[in-house]
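Listed below are the structures to be examined.
In what follows, chain A forms one complex with chain B and a second complex with chain C.
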Partner chain A sequence: MKIENQGLCLSISEIPELTSVNSGHFRDELRAVLPGSPSVIEIDLSETRFVDSSGLGALFALYRATAERSGVILRLLNPRPEVQQLLELTQMQQLFEIVQR
Partner chain B sequence: MRLAFAPDLPSARAVAGEIRSFLAEHGVLNQELFNYEFCLAEAAYNAVEYAGSPNRQLKPVAEALITPDQIELRVTDHTAGFVLLERIPQPSCLNERGRGLFLIQSLMDEVRYLRGAKENILIMRKRRRANQPPAAEHPSGSADGLSLEESRRQLTESKSARANLAGELSFRSETLSAIFRCCAELGRSDALAEGFGERLLDDLFHLTTADWCVLRLLSTDHRGLAVAAASGSEHTPEPITLPLPGEKPCGIEATVAASQTAARFDLREDCARTEPLRAIGPEATGLVCPLVFGGALVGTIAVGRRSGDFPLGKLQDEVVRVFAEFLAIQTVNLRHHKEEVRHRMVARELEIAQEIQHLLLPRTLPQMEGFGLAGGWQSAREVGGDFYDALAVDTQSLFLMVADVMGKGVPAALFAATMRGLLRGLAARSDDPAKILHGLNRLLYAELSAVSMFITAQVVHVDLRTRKVTAASAGHCSPLYVPSGRHGILPLTTHGLPIGVLPDTVYRSTSACLGEPATLLLYTDGLTDTRNPAGKLFGQRRLMGWLSANAIAGHTAAELRDRLATELNRFRDGAEMVDDQAFLLLTEARANPKSAADSGKPQFQFERGSFLFPANA
Partner chain C sequence: MKALLICPSIRPAVPQLAENGPLATAPVLGGCVASHWIEHLAVLGAREVTLIAADRPDQVEADLGNGSRWGVDIKVLAVGSEPSPGEAAARYRQEGDAMWLPAPHDVVLMSHLPGCAELPLFESYASWFAALRAWMPRAVTPARIRMSEIRPGIWAGHRAHVSSTAELIAPCWIGDQVFVEPGAIVGPDAILEDRSVVEAEARVTQSWVGPDTFVGPMTSVASSLAWGSSLTNWLSESSLRVPDPFLLCSLAPPTAPHPIKQIVREAETPIRQLGLPPDWIARWPLPVRRGRHSPHAL
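For the complex of A and B:
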């Protein structure tokens, strides 16, 4: 997993999986960089082949951690169709801006 | 494919990946693989996360089964289980957890959760699309391309064949290990009833992915099949009655038992409303195998699935047949083992009874000046309750008793021991045999009638000073004696009910005077009931004749006893003894009382079928 802090934009990429095995690590990494108060958080899911409910839970935790700060944009980049399907089934697409570039 | 995995999250995740690879190798479309992997991973996490501490070490199991129409995924967990709602409501998007089962239900066509005593199974099924195109059917433009496509197809096929072979191999090895496990279980436990049947069914379920099973064993009267073990608590199968010769068997299991031939069934096609297997479910399918050993029926085992859409495959059938063969052998072995233990127990009981009986016989008999007393006892095939006793009242009078406890084994021997003790107590209080018998009956009636036993006995008081003999009988054969002033032998006739028949029986004593030389014989009916090889009875008349011929010859009591024993064995001439024999002989020929009475430790010489004598008579 790669985390880049480009001023106000926090960019996370190279996530091969987001599952119960690594979602704890994902949360810890983000918790460490959030105090930098980014206004945009972009999570690149283009390489993410597999997400489970625990991975979805980690994304939701990120939403909750930033919800108190108004104006923070949460963006999911290029999720694969299978992952997008999960976001839709769980109505989590309402919480994130999903962008295909 | 069936994989047991370590109960931790990385292993659960990894097993989902392996199931995905297995499905991919079998041509499942790429876009569907994610959903199967997702559902299996979610189920596997639940199996790991909710396992309670006693079961935390047990491995959950993931399975995938591919048929042309359907893909079935199963995860077996060892958790407390949960209630699966028909339709899980959409979780709020503001909840961090609780999406797993909702997504499984959303992605699969059918989700069921079977809860068991020790494990639960989550079954997830998805119908396959009918127009799924095999990769090899894509046309290609060039000759090289075709060859490449062909090579790929062959590669896929060969991979698939290899996976199938590996699957079958692992399946067979698991079957074998389950059988070994069962063998080990049987070595430790003693009965099918000790949970062994349930554990066997667990293994069978794992191997065949069946969801119901009924194991029946032939009843001891060979007329029915009783349930030895059954899966699930929702129905309890009834015992089945087997058809008599010429009758038509009723139901699939009875037919299999009668024909000793396995049969597959599908209740959707079977229209018999009375079919006992309908208790499983209206659409159940499965296989019924006979348990046969050495050509004889031992029982049946029926295994299958409740839903008719997904019957057991050929390989599963084979496992059930192997288990049936194994179970038949083990059941017969177990029965032989139990029978052997029972025989050993019976033999031991006989030994104990014999020891008690040997202790009952008096080691020495009282000897009176001028008279001789001798006793003999011979045991039949089984231990009975014949015994005799003699008790000196003073230097010139004594009590004699012979008795026969109706019954065998330890209970008869114990009653004989009790009676002997009571007699000695009662004889100290009265010289009247009738009173003694009355006392014995009063004291023993309750115990004897409780076990439907009774005792016949003859009690005789002899006063040597007056030569007066007083006798009373409780259903026992009369003593024989030479009366005063005559040379013949007479029975001293006495009447009375056996001890233990009525609570307050009154006995009457009869008296007579002994002639000279005095001869008195008390005996049990084993003597007169002795039969020769032609089946002829020795009888009372022959006994009286023998006594008449021998009593006047002036033999000592011991000599006369030896002669009687010889005569009885001579008459029997090797024929089997049917009853014990016991007798007491009083004669006036002088024995040598001192040397015998003071001869130290009494010596018994005993072997079955020979007379046993006290040392001093």
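For the complex of A and C:
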């Protein structure tokens, strides 16, 4: 997983999967950089092939953390079709701004 | 009267539909593709129906039985590859015309539902869903006594349990022994096959939910085919195996194949690929099987 802090934009990429194996690490890493008060958080899911409920839980935890800070935009970039399907199944696509670039 | 039904073998456009069984036995509104055809042919006067199956013929035979429920005799012929209707007619339709149903019902490739030739079943997931959606009003036949139209455009099995706080939006089909829990929204254009469960606050719209499928609470199945843990979006053709059973899973008990049957099936596959009938060894003369023959005699 790669985290880039570009001033006001926090970019997270190179996530091959988001499952019970690495969702704890994902949460810890983001918890460490969130106090930097980014105004935009972009999570690039283009390389993410597999997400389970633990991964969805980590995304939801991030959503809640950013919802407490007014004005923070949380974007999911380029989710693969199967990940998009899982977001739709769980209705989590309503929480995030999903962008295909 | 006789008729031949050709079971479609694997279609590359719809692999998910053939995961649990051959396409001929793919579930369609309380029956399967083959059962709707047999029922249709029985109404036309067929009394002997022969199914030509290249894909898992033993499963076709097991699912359909001997045909007594439709008042017909069913025979399943295992073949190496799917014949065209012309090939099947030339090979198997050898008796006089009077013995057979009139064309085109004498030899039928089950690539669509009866009377819906303009809606092919297996060209894509979208075509499968379109065919099933169009079939909804036709699926209630006099033979299906446990199904009725409870409101205009809403069909439900008599043993279905629909919560009083669930919302049904026409058109939709709710099969037998289906549970629709409180707050769930079903429809429009939703098909819930037999024994499926739609949990509380879940939503199923423009989708087909296969038999014995659990749709978890607060989930949303939209523009999709959900069967067991497999979820296919018929618009994007994207497929997903849902990893968490509380979201989507199969309620059917797991069935392990009998070890002997599994060995026989694995041995039969290369034999079928050679185009030989599965009982080819039994057709050899006894001396040949004992090795007392000249190789040139074959």
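Descriptive notes on the structure:
Note that the second predicted complex is superposed on the first by the 101 of 101 C-alpha atoms of A that agree within 3 Å, B and C clash if a C-alpha of one lies under 4 Å from a C-alpha of the other, contacts with A are read in each partner's own complex, and residues count from 1 in each chain.
One rule holds in what follows: a contact is a pair of C-beta atoms (placed from the backbone, for glycine too) under 8 Å apart; a residue touches a chain by one contact, two chains touch by 3 or more.
As the structure is a prediction and not an experimental result, all values here were calculated from the model.
Look at A:V33: by the touch rule set out above, it reaches neither chain B nor chain C. Of the two partner chains, chain C is the only one that A:E88 touches; chain B does not reach it. By the touch criterion stated above, A:D52 is placed in contact with chain B and with chain C alike. When the two complexes are overlaid, the chain among chain B and chain C that reaches more residues of chain A is B. When both complexes are overlaid on chain A, the residue A:F60 reaches chain B alone and has no touch with chain C.
Judged by the touch definition given at the top, the superposed model places A:V21 against chain B, while chain C stays out of reach. Overlap of the chain B and chain C interfaces on chain A comprises residues 19, 50, 52-53, 81-82, 86, 89-91. Interface residues of chain B facing chain A in the complex, by the touch rule stated above, are 9-10, 12-13, 31, 34-35, 37-38, 41-42, 45, 90-91, 93-97, 99-100, 102-103, 106-107.
Partner chain A is touched in their complex by these residues of chain C: 218-222, 224, 231, 233, 236, 238-240, 242-244, 246-248.
Of all the residues in chain A, the ones that touch chain C in their complex are 19, 50, 52-53, 81-82, 84-86, 88-91. Contact residues of chain A toward chain B in the complex are 19-21, 50-54, 56-57, 60-61, 64, 81-82, 86, 89-92, 94-95.
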